[in-house]
Amino acid sequence: MRIHRVLAGVLTAMLPCFAPAQQDTLKEIERYRQLLQDGNPAELYEARGEELWKRGRGPKNASLERCDLGLGPGVVKGAYVRLPRYFADTDRVQDLESRLVTCMVTLQGFTTEEAKRNPFSGTGVPMLTTDPFSGVGQRSVMTDLVAWIASESRGMKIAPSMSHPKERLAYQAGENLFYYRAGPYDFGCVTCHGEEGKRIRLQNLPKMTNAKDAQRAFGTWPAYRVSEGELRSMQWRMWECVRQMRFPELEFASDASIALITYLAKKAEGGALDAPAIKR
Amino acid sequence: MQPKMILALALCGIWVAGCATRPSDSEAERALAEMIKASFKTRGQATIDRLNQDEVQALCSEYKGEPPEGVRQKIEKSQQATLRYPVSGKMMGDWREGQRIAQSGAGRQFTDDPARPAGGSCYNCHQLAPQELSFGTIGPSLYRFGKLRGSSEAIQKYAYGKIYNSEAFSACSNMPRLGHNGVLTEEQITHLVALLLDPESPVNK
Amino acid sequence: MDLVDAKRREVLKTGGVLALAAASGIIKPGDALAQEWNKAAFETKSVAETIKALGGSGSTLSSAIEITAPDIAENGAVVPIAVESKLPKTQAIAILIEKNPSTLSAEFEIPAGTDPFVSTRVKMGETSNIYALVIADGKYFHAVKEIKVTIGGCGG
Amino acid sequence: MVDPMRIRANMTGDKVEVKVLMSHEMETGLRKDAQGKIIPAHFIRNVTVTHGGKTVLSAQWGTSVSRNPFLHFRFKGGKPGDKVTISWADNNGEKRTDEATIAGG
C-alpha cells in the first residue's frame, strides 16, 4: 500500500486546521487496533502451514513431521517459545526459521539455497518485489510454516534456553549488535528501542530492555501486518528494522539475525506468546 | 567492512572486566568476525562498508548512548568542527518545501531510488505542524519552535547547525547527522530551517 | 421513479431466478455467482452516481443507520467498518468511499431473516467520508462518517 | 492458489453469527510492480451464503474490499449442527465453496 501511504501523508498534511487533540488520536488508534482483533487473516496462513508440515515435499518427498525443533523429532507444541536454542547436530544456535531450513535440507533433500529461497511472502509493496521477497502476493512456505508452528505455542511462556555457552555467546553478540550504531543515519536498534513510551509517527516503540515491553513486542510476532496484507515472521522483523536503519541487507537466517533474536527472546522471557497477532 | 569494531563491541559483554581494555585476539573473536561478515551483504546503495563506524558511532555504541562527561565533550567538540553553513549566509528557505521534506521518511534505504533526494524524516520523531496528527515522539515537539524563539540570526544558525550535525550539540543524540552525513543538501536544510522559524510556517501558527 | 422501480423489480427478479436455480440444484452456487456483478455501479466516481447505478434517484440522511468504524485508521489498507440498519424492510446495504478511485466498495443483499447488519474491512486511499447506503422498502437512505487515514512507519 | 476459507458459525441467542476469512489478493489494478508494469486487478466480485438451500446473504464487491477479506453477519433460522455454505467467485473466474457446521452458543 505504498501509494496509499503516500497519499495518506499528503492528505493528512492538508487536513483543515484543528486543535492537536493528541489524546483523541491515540484513543482512536487504539480503537482501530481493537476492531481489527475480530478476524485475523493469520489463520489462513496457519492452516496452510499445518498442511505443509505434513505434506511430502522436496527431492525426498518427505514431510517435516520428523523435524526436531528442539523438543524432539516432530514435537511442535510449545517448541516456538523455547527458541532460539543450541542444536548439537548443527553445532549452532538456531531460531525457528533457520531450524526449518535445516529440516528442509536434511529431511526433504532441498539444498540450503532452495530452503532459504522466498523466506517471506510477497509483500505487494512494489519496491520490495525483488529477492528475498517472492513477488506480489506470492506464497512463502517458510512463512506459512512459521505461522502454524508459532500458533502451536499460543499462550505459553517465552523461555529461550541459556544453558549452552554458544547460547550465551549469541546473546552477547545480539546485545552488542543492539547498541551498534552505523550507517548514514547513525542508527542502531537502540535509537528506536532504547527509551520508554516513544513513537515513530503513531507507532508505539517497545523499549527492548524493559521486560514488559519486550514481552509484548516479542510475544506478538509473527503477526499479520495489515499495512502489507501479509503474515510476517521474526526474521522478517529483524530484516525490516535493519533495512530501515539504512544498514546493508541482513541475510535471512544469518547468525547475526539469530543473535538479535536470541537477545530479544531473553529480554522477553516469562511473557506469554500471543501470536500470530494482527498489527498495523 | 570493518568487523574489528563490531567485534570489540560484541565481545565487551563477555569480558568480565568490561570494555576498559581492548580484548585480545582469540578464537572467539575470530568466530564473531566471521559471523558479522557472513550476516550482512551489500544491496543496492546500502553497501557493506556502511557497517564501518566513524569515531562518534563507535564511541556512542561503546557507551550504549551514554558517554561519560569527558567523552561527551570530546564528541561535541570534534563535531562542532564539522559544521558548514551556507556560503551565501542565507539560512532560511521556503517553509512549504520544508514541510514536504519533513514529511518524507524516504532516503538511503536499499529500497529507495538513490537518484531521488532524501526526505528529512522529521515527523517520524517530532511534532511540527499541528495539522499532522501522525508524528513521532523520539525527539521533542517542535511545534511553535520559531514562535517561542524568534528567528534571529543566532537562532537560524542554531537550527541549521543542529540539523546539519546534531552530535555537535548533543553527543550520542538519536538524530541523524543529516548534513554532515550527506543525507540532506544545504538547500534542503534551509527549507527545514524555514519550516521551524518562518512566522508564516504552520509550525508557528 | 417508475423507471427506477421497474429496474429494481428486474434486479430482484433476476436474483430470484438465480437463487431458485441454485436451490433446485440445477447450478452450483459458485456458477450462479459469476453472472451477476453490477459493473456500472463499481465504476462510478461519486456518491450520486453510485446511488443512481444502484437504482436510486437520491437518498435521505437517516439516523436509523449506524456506522461502526474508527475515526482514525492507522492504516488505509484495512479499515474495519460495520453498518447496522434499524430501518424496517432493509433489503440492501452498500458501503461507499467518497474519495476512493471507485466510490462503491461493497453491496450486500439482505434477505428476510438476516439481520440488517454487515461488518467487513475496506481500503481507503486517503482520508474520506464513507457512506452507508441502505435500501429499505424500496427507498434509499444513508449515514455518513469521516475516517482519517494516517501515515505510518519510518522510511515511507 | 485458491485456499479454503476460515468460517466460524456460532449460535448467539436465536441467531447464527457468521464470521469468515477468505484468502484473496483483492488486487486493485491500480498498483505497479517494480518494473512499473500495472498489476492487473484480481478480486472477489460475488459472495453468496446459503443455509438450508436458502440464500442468507449475497454480496457484490469491488476492488476496495481489503486483502484477505473478512465478513461478519447474522441470520435467523439456523440451529446447531446445520451447515452454512459460503461461495465466492472472482473476476478471473476462480471460485471457492466451503461449508461450516453451526456450533452451539
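Labels for the chains are A, B, C and D, by order of writing; each one numbers its residues from 1.
Definition applied: a residue touches a chain if its C-beta (ideal position, glycine included) is under 8 Å from a C-beta of that chain, and two chains touch if they have at least 3 such contacts.
What you see is a predicted model, and the numbers here were worked out from it, not measured in a lab.
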* Give the chain pair, either A-C or A-D, that is connected by more C-beta contacts. => A-C
* Asked: Which one of the chains is closest to the middle, using the mean of its C-alpha atoms?
  -> A
* For chain A and chain B, let me know how many angstrom lie between their CA-based centres, rounded off. => 27
* Structure fact -> Here the gap between chain A and chain C, centre to centre from mean Cα coordinates and rounded to Å, is 36
* Structure fact -> chain B and chain C have mean C-alpha positions lying a whole-number Å distance apart equal to 48
* Provide the list of chain A residues touching at least two other chains, using ranges where the numbers run on. => 3, 9-10, 12, 15, 25, 38, 127-128, 192, 200-202, 226, 229, 243-244
* Asked: On chain B, where are the residues touching two or more other chains?
  -> 103, 109, 111, 123-124, 133-134
* Structure fact -> Expected list for chain C, residues touching two or more other chains, is 72, 77-78, 80, 119, 123-124, 148, 150-156
* Structure fact -> Listed by label, touching pairs are A-B, A-C, A-D, B-C, C-D
* Asked: Which of the residues in chain C end up touching chain B in this complex?
  -> 72, 148, 150-156
* **Footprint of chain C on chain A - complex, ascending** => 1-12, 15, 24-25, 28-29, 31-33, 35-36, 38, 192, 200-203, 226-229, 243-244, 280
* Structure fact -> Seen from chain A, its contact residues with chain B in the complex are 9-10, 12-20, 22, 25, 127-128, 169, 172-173, 175-177, 179-188, 190-192, 194-195, 197-202, 205, 243-244, 246-251, 254-257, 259
* Name, in rising order, each residue of chain A that touches chain D in their complex. => 3, 38-41, 43-44, 47-48, 124, 126-130, 135-137, 139, 224, 226, 229
* Write out the stretch or stretches of chain B touching chain A in their complex. => 6, 9-14, 28, 32, 35-36, 38-43, 46-48, 50-53, 56-57, 60-61, 64-65, 99, 103, 108-111, 123-125, 127, 129-138, 143, 167, 174, 176-177, 181-183, 205
